[in-house]
Amino acid sequence: MPRKHDDRRTFLKSVGAAATTVGLAGCAGLGGGPERDTFLLGAVTSLSGDLRFGGGVTQRGYDMWADTINREQGGIEIGGDTYEVEVEYADAQSNPSAGADAASQMINDGADALLGPYSSNVTLSVCPIAEQNSIPHITGSAESPQIWQEGYEYSFGTIPTVSIIGNEATSALLNLEPQPESVYVTGVNEPFSEATAVSMRTAAEDAGVTVENYELFPRDTDYTNVVSAAQNADPDLHLHGGHIGSHVDLVSAASQLGYTPNGFLMHYGVNTGSYKEGAGAQAPYTFGATVWIPSVDRSGGVLFDSPQAYADAAEAAYGSAPDYTQAGSTAAGIVYQEALKELNAAPPLSQDDKDELIGILEEIEVNTFYGNVTFEVGGEYHHNNINTQTLLIQLGEDGSPTIVGPEDAATGEPNYPVPAWDER
Amino acid sequence: MVDIGLFTQIVINGLLLGGIYVTIGVGFSLAFGVLEVVDFAVGEYVMVGAFMGAVLAPLFGAEGVFVIPIVLVVFFAVGALIQPLIHHVTTGDRPHPLLMGLVFTFGLATFLRGSVLTIFGPNSQDVPSSLLTGGIEVPGLGTFPVVRTVTAVFGVTGLAVFMYYLYRTRGGMAIRAIAEDRTNARLMGININRYQSIAYGAYAALTGSAGVFIGMTFNASPGMGLQYTAFAFFMVVLAGMGYLPGVIVAGIVLGLTQSFTAVYISGNAVLLVLFAIIYVVLLVSPAGILGKGEWAT
Amino acid sequence: MSGSAPVLDRLPGDRRYWFLALGVLLLAWPFLFGSFWARIGLGALMWIGLAQSWNMIGGYAGYLDFGHGAYFGIGGFAAGIAMVQFGYPFVVGFALAIVVAAVLAYLVAVPTLRLTGAYFAIATWALAESIKQAALILEITGGTFGLSLPRSPDTFIGIAVPFAISETFFYYVMLLLCAATMLVTYVLFERHEFGYRVKALRDDQDAAESLGIDTTRVKRQVYVLSCVVAAVFGSVYAWYIVFIHPNDILAPIVTDRMVIMALLGGLGTLTGPIFGGLLVFLLQRLSSVFLGSSTFYLPLIGTLIMITVLFAPSGIIGILRGEIGRDDVRKNLKELGEKFDLL
Amino acid sequence: MSDGDTILKTTDLTKRFGALTANDEISLAVERGEIRGIIGPNGSGKTTFFNTVTGFYEPDGGSVHFNGEEVTGWEPHRLARRGLGRTFQIVSPFKNMTVRQNMLAVQTDDGRSREEKRERVGEILEFLEIDHIADNEARGMSGGQQKLLELGRVLMLDPELVMLDEPAAGVNPALEERIMDHIHELNDEGTTFVVIEHDMHVMKTLADTVSVFDSGRHIAQGDFEEVSQNEDVRKAYLGGTTAEDDEVPV
């Protein structure tokens, strides 16, 4: 039967082709040999899947750094020569297993150092890969305290862990007049959100404010019940840890049931376009936490003169305002740049160079548009930059954020207590 | 100890939530019981409906309600064209016809979810409505959110229309005859392809417009489909497969269980309780909590 | 019809050389291509094994287990809990994974296998979701935070083993497990009368009963076996990936993948899951290479599934065997066209 | 009729489906070595009787004795391994297996080795004259070949009693002849048969004794001629709404 024969030939051909492709790709993977005149940074982040949005933010942050330094300074200057910076991406697909594979792919491609993924779950599977391969890894976005508790030697983070952000933002909110006497704390049952909710509760307890209730629930639950229970407890403030979708559901249900505490504080991401789009008319007056917004007063320094200069550059490049995750990701690049200058070794980095780089990072202090970056050594925040100040923000009627706390950083007056839903 | 105000509000929340589930359960029960299609794409129809609301509402003065007629027509047409494909993979000399149907609709679901994700990105979008905002406060009972109340009314109306169609019209008789026995229906001169397409189209239309309501109640996001697929399955399991009136009871049970668990036990346990109930009901009374579904294999 | 023979028969030359070449390639793989491709290889081997484990209950026995991924997660958590909460080496966790999965699978099998078709599918899915939700609440599983497993050379058997904890090591572990799964499937389902009984109950349960086959018992055996296989892979995966979380290893997507892989490859065949597993895993993992960084692979896989179901219900194996030719597609299209009788 | 020769005995066997009593206190005894025919209009409870006797339905009353042992409510596979074989109204070969594999799937308690089992398969296939298609898949075979395969599978149980549900339905006359010959041959070797058959010609040549069912009751028993003269039987066939011409005896 001739047809079968053809089938076989096609089959063999395709097997052969596949094997060749895989083989070539594999050999290519071994490349990145010694003759390289650029610094190669392997960025692992989620370019597809549920976390694609956050992944895109980190990507813009990393690119912003690389493009700017290459354009303005021709790269990083080492011993008189300038070496361009190249950021190569591998998709973590929003999934820890793919994230680990992606990290390995970058290491295999000969990356000098890694830029980390978006989201804590993926980061927690990438850190061990960095550890095992002894390669420096700085993440510009993961915020779960778990990452730093593990005490990884090769991983660093520019954004303070959420247990600090949540705590400080809550404390700032509790200082507003009239002083709140009770809070209601909710959170979604995934690691980042639970850590956020816990930090909010802790801040309230430390301030001596009554915590009416603390409750976690799955993302896909119906929020009217959460709201009704909260409404019944009648707290002064509602604090919520979760991602943007859950904030949107919470304020929708609150507006439908007419639940108006004096304010909602929600983390992460109330100052993102995504929250404004999702929450629509319910978005204004929401309180949020951040460590950076364009209007913050920070001295700037390396690469970008000021937060606003960064924001303008980012706006020009991508047509959207940067948030703190993007800024933190750019800062991660800046930290590498300064550490590499100090290391003063031409690419590609040897294993000794990489180990030395870790020592430099532990000591480093960089003054950036994002703030002063230094990394803790030892303790529960090992290798986390916890010194960047947390800001309490509130969305205005047009949805744009204003810094309303803590007092020394505030650029505007809070609208507090916030107006009831039907008075807007 | 139990606060009466909270208690009645929880009952209201539960019933209205049940109403939302009824909007999905009605069509799905029809598809499951009458067409014998176990449709994994049900939640994605909700999702696509919600996105149509988000995209089209701005063209109608930011009012999602006005999008519903369009969604009804579009989904009916698309559903009518999808049904022959499903019919094709579940009949004829194929190994595992049931699995083929399941997996085909699973592929359809992946296709729909992936397409929306690729086109619109992963963010949620608001489905605006200025008519259905806020809540009506009934003294002594609690607050009835307008959008949820209207959604529940839509669900119950949808059920009534389906029941009327199935039991009072010629087309409905034809569809019931097909459900009883395809071969006999064919012998009786019923064009089974056409009526199956009509039934599936009606299911898709109802489910898609339920999506617009759900979008107005919550919002539209590419990942929302999975949970509504889950709830659609909850509904038919509790109602009894193919037993349409059971959908109301299932909605009430599901809504109240969810709201009472969330408030009086633990928000964290809601899904655990729901899934455990489904599992136990299937083991103990596969014909639904009323025992009136058909216990077919 | 044994699953593999027709494909292999059509290979030119002596079949043994092909096997030998394949064997050498598989054994040398991590050394030929380096650690990244070792990871891709071990991922592919794991998914082939998982697809085969689903194929046992779903393909051979015809029970649509839509909660099978739960056992992957249970295996992972059994190993994780043994290592993190009790400080045992992996070997203990591995044994625990097998025991826990077997006991649980049996307890589930007794009531659940009385259901059939869609009812069984929904019940197993609901149970798997309950297990995931419970894992998010329980403390021993790390609850919302998940578990971070220790990663040191002494986690294998308690004494430091220099070869442990590297991609290469895990590659060979997965290769061994995958080969063992294939062997078990071949012997039990393709060569032994046990396999005939399993297929008999799938094709006609009443007829099988009337011929002396204790279908209840056979079903339970297959279910427990397939669940244990999934749990074994889960335990090694946990050890390898280090961080486990209910939203990852107990996610419904784990089951979905197994089903799609088995189906695309060819249900109830020995070699189907190899082809299906390779295709789907590589398509997903390397989608950024082939398609750029986007979610475009999702609609692509969706379309692929629909086309396979419509035109090649016996999967890739069916195509390789030449069961699906141009005439079949034409006939299929004609029949399909007749169903579009709408006006 | 001495009890020692009774291979199958039902006493007041009753099976209800909701309001419908499908088998109403059926008492019936089959002697070892006979071929017993069961006839009756559609819906008279013949197949239900098969299913209740062979353990597929749990009876609502009465008892079943097989080989002198009470087997009421036994699972079908247990009865099968004791030597009670049966076939189904709709042919049910295991479609995705070869003829040989179909036969090998059969499970017995007799402790035969693999080789002995394979040998036995060969013998049976040869006896049924389908050994030439032993390695064909069942799905591609004709209806008649599938009927023979079904009979062959039952024989793998080395049954003492075989209950056949319409063995000649949908089979061409030549093959029908062959099946009847095989049944006679097996009967000569000592196998007892209980056969449901609508074809009265078949029944007349095959059955030693005929039992008549109507509306779930066992209304008459005797040889074919006797039964076909019986008033009740004639009424059952002619009076019922389901009567069809070819089912009327005589």
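Going by the order they are written in, the chains are A, B, C and D; count residues from 1 in each one.
In the analysis below, a residue touches a chain if its C-beta (ideal position, glycine included) is under 8 Å from a C-beta of that chain, and two chains touch if they have at least 3 such contacts.
These numbers were taken from a predicted model, which means no experiment stands behind them.
> State which chain is most central when centres are taken as means of Cα atoms.
Closest to the centre of all protein C-alpha atoms: chain C.
> Applying the contact rule given earlier, which two chains have the most C-beta pairs between them?
Result of the pairwise contact count: B-C comes out on top.
> Could you give the separation in Å between the centres of chain A and chain B, each centre being the mean of its C-alpha atoms?
Chain A and chain B have C-alpha centres separated by 37 Å.
> Mind checking the centre-to-centre distance between chain A and chain D? Centres are C-alpha means, answer in whole Å.
Once rounded, the distance between the two centres reads 73 Å.
> List the centre-to-centre spacing of chain B and chain D in whole Å, with centres computed as mean CA coordinates.
Their C-alpha centroids are separated by 47 Å.
> Considering chain C alone, which of its residues make contact with at least two other chains?
Residues 133, 136-137, 268, 294-295, 297 of chain C touch two or more partner chains.
> Tell me, which residues of chain D touch at least two other chains?
96
> Going through chain B residue by residue, note those that touch at least 2 other chains and give them in order.
Residue numbers touching two or more other chains: 95, 117, 268, 271.
> What residues of chain B sit close enough to touch chain A in their complex?
3, 5-6, 9-10, 13-14, 16-17, 117, 121-126, 128, 133-135, 137, 142-143, 145-148, 217-219, 221, 223, 227, 258-259, 262-263, 266-268, 270-271
> What residues of chain C sit close enough to touch chain B in their complex?
Touching chain B: residues 58, 62, 64, 111-112, 114-119, 121-123, 125-127, 129-130, 133-134, 136-137, 252, 256, 259-260, 263, 267-268, 294-306, 308-310, 313-314, 335-336, 338-343 of chain C.
> Under the touch definition given earlier, write down the residues of chain A that touch chain C in their complex.
1, 3-4, 7-8, 11-12, 22-23, 25-27, 29-30, 47-49, 52, 89-91, 93, 95-98, 100-101, 104-105, 107-109, 121, 124-125, 128, 131-132, 144, 146, 150, 189-191, 193-195, 216, 218
> For the complex, which residues does chain C have touching chain D?
So the residues of chain C in touch with chain D come to 1, 193, 196-197, 199-200, 202-204, 206-216, 268.
> Can you list the chain C residues touching chain A in their complex?
10-12, 32-37, 39-40, 43, 133, 136-137, 143-146, 148, 151, 165-167, 237, 241-243, 245, 247-248, 284-285, 287-289, 293-295, 297, 319-320, 322, 325
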